[in-house]
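These notes open a run of structures that come right after.
Same chain, two partners: chain A is paired with chain B first, then with chain C.
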Partner chain A sequence: MSTESKTKKGQSTLAKRKALFPWLVPLASLRLTLTLLSLSMVLIFIATLEQVEIGIRGAQAKYFESLFGIWHYPIQFWGGEYLNSIPIPIPGGWLLGGLLIMNLTAAYLIRFQWTMKKFGIQLIHLGIIMLLGGQLVTQAIQEESRMQINKGESSNYIERFHGVELALIDVTDPKQETVVSIPQELLEEGGSISSEDLPFRVSVKSFGSNCDFNLVGSKDKRVGVSKEVDQGVGFSANLSIKPKSEDYSSEAMNFGYLVFELTDATGSLGTWLTLSHPAGNHWWKESPKLAGLAFQPIRHKGKLWGLTLRSKREYLPYSIELLGIENEFYQGTETPFNFESDVLINMDGNEGRRALVYMNTPLRHEGKTFYQYQMNKAADYTVFQVIRNPSWLVPYISCIVVSIGLLWQFGFHLVRFLRKNSLQKA
Partner chain B sequence: MIRSSLIPTKTHFFCGTISILVSLSSCSDEPTVKKSVIASEYTGPVVTWVLPENWGENPALAGPMAGSFHVKTKEGPQGRIGIMPFRESVSSLEVANMFAREIGYGLLDEERLAAFLEKKSLGDREFELIRLEEQRTTEAPKTVLLALHRKDSQTWLFPFIAQSKLIEDELENFCFFLESTVLRAGQEPVKALAPPASPPSSSAPPTPSAPEWSIPTHWAPGQASSMRLASYKVSDEEGNELDFSVTTFPGDVGGLLANVNRWLGQIGLESTDEVGLKQYVSSITIDGMAAQLVEASSTDKTFYAAILKRNNSSWFFKLTGGKNLALKEKENFSEFLDSVCFHKP
Partner chain C sequence: MKKHTPVRLGILIFLTLAGAWVCFFPYKKLGTASLFDFAKGPPSAPTESFDLDGFSRIPVLRGGRVKPIDSVARNTLLVLRNKRTALDQNDEKVPAIEWFARVLFAPEQADQLKTFLIDHDQVLGLMGKKLAKDGKHFSYAELEPHLGEIESSAREAGQTERENQDSFQQNAIELYRGLLLYRKLKNTLAPPPVPSESSEMLEEIGVTEVFFDPEKDSDRTAEYQRFRALTGVVVEDPSLIKMGSSEFSKIVFFLDHYSRANMWSEFFPIPPEVNDPLEKWLTVGQSLVGEEPLDSKEKRKMEPRLFISTLRELVSLSPDDLRKRIATIRETEKMNPTALFASQYAEAIKLRREVDPVIGLYEKLGISFRANNVAAFNATVSQLNELATERAGEASSTLHFEKSYNGFEPFYRSSLAYVLIFIIACCSWLSATYSNSVGKSDRTSKMLRDCAYILTGIVLLSHTFGLFGRMYIEGRPPVTNLYSSALFIGWGAVLLCFATEKYLRLGVASAMGSIIGAGSLLIAYNLSLDSSLNPTGDTMEMMRAVLDSNFWLATHVVIITIGYSTTFLAGFLGIAYVFYYLGATLLGKREGKLKKTLESMIFGITCFSLLFSLVGTVLGGIWADQSWGRFWGWDAKENGALLIVIWNALLLHARFSGIARTRGLATIAIFGNIVTAWSWFGTNMLGVGLHSYGFMDKAFNSLMFFILSQLAIIAFAYLPALVNFVIMLAKKLIEILSNPPPNETGT
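Then we have the complex of A and B:
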């Protein structure tokens, strides 16, 4: 078959494909690709500017994990005093990413030809689609947590960086504890929460992710959301709460609060207040009047329950013991060049696995990756950042696919060039 | 022909399907109430109980009790039942003597105590029951029924103080209550909740083996109780009153900070910490022994308290009430402390 007839056949196939999927044609536009890429650059630029004001997490939530964000021209820029008040909608990460995937996929189906000559390009585009899709999945399902372990001790749980839970813990049994946790999402929904694992019903009166709190004098009355509280530390310490919006900055100290009533078949057991400490509820013990916030006891039908609002916790089927820590600094500076934690993973059946976790060398275990995050040698503890990302392999596979595509494409052209060259010489 | 030219869709569908499956798996992670069972890590004390139907719980108050209850009767709440933890092991004789004076027994010794003591198995635990019936003749004689349980070098005391008839009627419920208790000492002291309310009784003078002291002549005998070795009232013409008490407990009863914070709360002051404690506490001697004097005033109230640790027991001498009268009586309080004599060998 001649080259001309091959080209004609290809063009006719493309025309048939366009006729079969006419709705895909505008989506496959190259102009759309360029527009989306340009808008992505604008998005990154604006989010970087905003990050200074609202922190990484705030910028991420406002611009990247949304369909669009509203931006105000910085007041300190030229003409800012006039332009700052105008709200400017900026397409968000979800919108641009989603459209880019659709655009690439549409172009893949409509425009590209399945020939050896174009095979490399097909692979490159497939790799990029996988990369974008993988990132979308990662953003949707990845969970970031932290695990703090004191030297010589072990820990069997990780705590989310963001989000709290109301934990109700039955500590009556000397051998084991039953922990029933109500996640922030349900507390935000409010209403009455019950579970077959709880002997009482929790009715949310007020919940917020941040507040100012103060101890009201014994003669003064509490006002606002905590005025109904008649049990526990909120009552005995006469705690007054003033809700405020969540701070997204990196130095944020958000004190979550929850006012709730407990009821059982006999009626109300009282209204309680609990607060979460951003650095961990063990810090409440530093304050004599608020120490009880780490564990407010409730006796019910011969059982002792403790309640606390704490960072969302996930218990692991294994524990990690910190055997030793090491940190090294560049000579004469306080700049670290290595943090190292020597750990032992204790699994069921007395199985153990020893590992060294240091910068850029995480520990991977049962679907979770433990990165060295913080360390305090003086206080003898280490903190791991723990990531659960089932799609962590996708970027690696995508890069391999793109690399093969590039090799194929350049190799194909190189072979053709060399063949053509040798023919001309002959 | 068109279908054969669309071979890449197989790859595409494969990747798409994987992406969708992963997405779906995340979507199924709806927020729900979760239950986890973990190894015990709570280090605090565990004290729980099941109350008989006709018993009620007293509101939480400050004091050395972990729980305080009453019997619901047609005439209203009657009797006092409590749970009192001691961090150290205390002898049955020490405990019995905390209550014996109140009902006219004087100081008991081991031989006399044996007549009132009975051992009882409830569930898989052993209790010592000490039954002391009021020695004075009254229309409605009282009984002090003390149940003691020893576990892990700690002693748990369950006093039941009521009219003798009520105790007879409620004996079965008392045993049910004792059997239902879960008692686990933690690494931290058991939170003291409520001292038993004190019934009116004449103030018993110190026994020969107890310390002696001189009371200012204008201090009038006050409301005594099983917890008080001495109780006096001081009042002035303007109607201001002070309450004076002498109490003793085995061990350190929660320590200096816990006691001071409890007293600060009673006069409406904020709790303090170890650093802030220094502004309230000074060193004194009582009968030649090192002791601590605690002084604090709010806008209208004042307390002076002396704490003496002697032979694994804590002695508390406390004067509290209106600020102005307390200031006037401070010197008398100091003289009282100087007069305390323990008759050391």
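Then we have the complex of A and C:
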């Protein structure tokens, strides 16, 4: 910052502010900014390379949503066989993002001149703070789910892409279902789970977020935890499972599994196996032997219950009906130019609202946004990606703030540059 | 310009005219069309020779876009031979349109033309050929005996995942695809002949008399008319639709035969039928029997009895009712092959009663071409042009422009002119150095710089014309794919250089602009040859659904591309500074005023870069929020853009803080070239993420070479300092060795 452009007023408050927060001086340093920016470049570059191996979600968890990640030089690169074994710590997104916000805020307080001439600089950095903060908030609270609807039918719930729950559904009364669901966190803790609404206890024997499974034909061929199963589909179809670590890549198919025992006052009701299908449990119906995984019935004291391990569900206060779908291609090519779902939102007591959901035009309703995600024209169903992100407006606002700031500041420079040149010529 | 003497002014005018001529005027080596062709409109047909110009303007649909036959001809040759011409046996060039006419109308002649480029020694070895002996250009006739080997190698190569294919496998697949493309072209206007093995079977069901007979019939429409006559019989008496009826089995045979022909069409020659609301273009097969509703393998799942009864019922309906029924069947019975195929059969039998006149005209073209009947050919061309253009409607409005544009080659012309500018700018510096050393004033140098500046303006016009031409034809903003981003990056940088040079007539901006301009056009040219990016050879491809938004293409994509372009410009100015610095150091001179000027140019342009890359990236985030539901997803391309933003911010902050001075700034800017190249191409090579539709891996070596060259220049920038340091160390060492401090020689 050239000294000549300092105005007296800006300078005087600057000195005052500096005196007020002397301990902020090192935190506001430009050298720290440069270091953080350089480290961010390293982080982003390496995390991008890592996406090839561990997928975007994996890289996000390992590098961007962590304080630091350990990186190994890829073995297939030049000299990889020697360098691969050296663990290299890479500062993570939380760390750098947090430090950058602190650095910026401190600079705001004790380094920036609060004058009109530097107003642009202030706006730019304010916008950047908002962007960074907004992204941190988004990563912390954004929820991604999906909703599949068959043509002519309607749906009133969304399912998370990641995370499962054990649902125990009382279907004795065909008009009124009672659902008790046990979230993944409790299943992971293990032990014995009970609830006032449940007539029995659930003792978790084994739970994992991914596994290989196959039908082995007889009880003796089952391996590991699946050996103990003596009830339900796991028993009748002789399912054998092998636990596997979760796959973070974008096309991952993670089959969650749960082996659990039910007990009531009289004793054990047997050990069950359930599997969750990554694309939704209705897909089990495609294979006759496993169809039961979508709903394993158990009769208990005159009531009929169903058990299933399914993607975590959220019920909506409204339902969405699929009226029609459209999937159009440019003639003579395999390039699609339109995916479109024609839907009707039915709310209690109100008249329905019709909406078209297509590329670049999502449906926003009651804080959730529905995006066209997948579609099958032959089987007549559509899948929406559903996102709840309360901070979605922040980037829009920060974009405007930053642009005004940049234009303001560079406008100043450009005018000065041109004026200087025309003076030189004259 | 008053300040120049007549001689200098003469040179200036001469060079300017030469540049303008390269950019715009007719010369066969530059392009088959010139600026005048856009104004003139289609020429009148010649009387002595085939009106191939008129033929090349006939509209067809390929790759989802209505375009003149000229574009199809050039683009397919570009895929097959990486050139827009074929070669005859004597290695004389054959223009694309002439080659194309022969492929369509006289395939046995076209088979003799050298159409295929094979330059991979092992693929040549597959056919027992050698590059040194047999060359790299081959005709279909030469390849035909080896089709079996090529196909089996390509199939085997296809088993390997794309990322793991070696160059032999890639080349084998490419050649196989090329052969397939060529065969499809040959069969686009007429169904491929039935294999001779089955002639006995054909005799048995009595279809041989329906087939086209060159002895009796004037052209193939006679066969189509006889087929229509057959279906007419069944329309009159639907009870003939039954197993074992001779009429019906003939109809079934031809329906199959023509439906199969649909798969052998490379483009759609028949414009939409007059009352078709969807404005669908048709192949010959589709015009005859409609389109198969499902893959033909599904026919095996049909129930024959139900099929017959459904078809009979459908055919007895009135045409209007039948249309409605067909629409309902296709909407509600998507999983029912019986009903679906019955709907196609009913459409072919009852609704398609005529033979499209366009088919007849194409037949006539073929016959007159083979008979060398120029008058008939030319008359048919004009009839066909009139009819097809009328039926194509709106879509044909840009045809004549596109035809001239194809021949004009604005980017080839511009790239040559950029080279000229660079040479002139270099001459201006040489002249300046010379006059400096002999102590004269550098008038010549000034003249050359003025000349480079004026020429930059002229090339910019031609480059801009090229970009606008594409926009006009496509009806899209300038950047739609990797190819057009290269065109645009060069354009943006040159535009900025032109503006800079207006104020600072140093020749530096002209020179750097012309390097970036020529370089980016060269990159664009290579991208247009990459068949994995560009399978149809047409760089004006259709936009997939998520990209189909002119608003976002015009804002996010254009702005981010300007960001790339300005970052490259700052980097090249950095390179200019490094060379200036090295030159000054070598000559033992102090750096002059240019040092400060370059520094402020780098700084100023990086300000622009930051503005554009930041706003562009944030706009991209907003687009992502609109279409994928999240503002930021750490996708590879997004991260690449973010790297550019951070790097530009870093440069500015390094200058604010005084940590980097001119040389530091220059090297930071040069590293910016690496960051931008990574973001532009490197991220596409990873093959991950939502932006991976531009996947390409062939340019990997070029990218690595570019990165290494930039690192080398950065190293050069610090070489004098390093040398000084070493000399100083050596001096110190000698000093120490010659005068050993007394206290170290202790006892």
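Quick note on the criterion: the second predicted complex is superposed on the first by the 372 of 426 C-alpha atoms of A that agree within 3 Å, B and C clash if a C-alpha of one lies under 4 Å from a C-alpha of the other, contacts with A are read in each partner's own complex, and residues count from 1 in each chain.
Heads up, the rule we're going with is that a contact is a pair of C-beta atoms (placed from the backbone, for glycine too) under 8 Å apart; a residue touches a chain by one contact, two chains touch by 3 or more.
The structure displayed is predicted, hence computed values, not measured ones.
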| query | Which partner does A:210 contact after superposing on A: first (chain B), second (chain C), both, neither? | reply | neither
| request: Determine, under the contact definition given at the top, whether A:35 touches first (chain B), second (chain C), both, or neither. | output: neither
| query | With the two structures laid over each other on chain A, which partner does A:135 touch: chain B (first), chain C (second), both, or neither? | reply | second
| query | Counting only touches as set out at the top, which of chain B and chain C does A:376 meet: first, second, both, neither? | reply | neither
| Which holds for A:289: it touches chain B only (first), chain C only (second), both, or neither? | first
| message | After the superposition on A, what does A:66 contact: first (chain B), second (chain C), both or neither? | response | neither
| request: Considering only the touch criterion stated at the top, classify A:301 as touching first (chain B), second (chain C), both, or neither. | output: first
| note | In chain A, both chain B and chain C touch residues 134
| Residues of chain B touching chain A in their complex? | 1-2, 5-9, 11-12, 15, 19, 22-23, 25-26, 29, 31-42, 44, 46-50, 180, 182, 184, 191, 257, 261, 265, 268, 270-273
| request: Spell out the residues on chain A that touch chain C in their complex, using ranges where they run on. | output: 1, 30-31, 33-34, 37-38, 40-41, 44-45, 47-49, 51-52, 55-56, 59-60, 64, 131, 134-135, 138, 142, 144, 250, 329-333, 335-339, 358-362, 369, 371, 377-380, 385, 387, 389, 392, 395-396, 398-399, 402-403, 406-407, 409-410, 413-414, 417-418, 421
| Of all residues in chain C, which touch chain A in the complex? | 61-65, 267-268, 280-281, 334-335, 503-504, 541-546, 548-549, 552, 600, 604, 607-608, 610-611, 614-615, 618-619, 621-623, 625-636, 639-640, 642-643, 646-647, 649-650, 653-654, 656-657, 659, 675, 678, 683, 686-689
| note | Given the complex, residues on chain A that touch chain B span 13, 16-17, 20, 105, 108-109, 112, 114, 122, 126, 129-130, 133-134, 136-137, 140-141, 156, 169, 171-186, 193, 195, 197-198, 215, 218-219, 288-289, 295, 297, 299, 301-304, 306, 315, 390-391
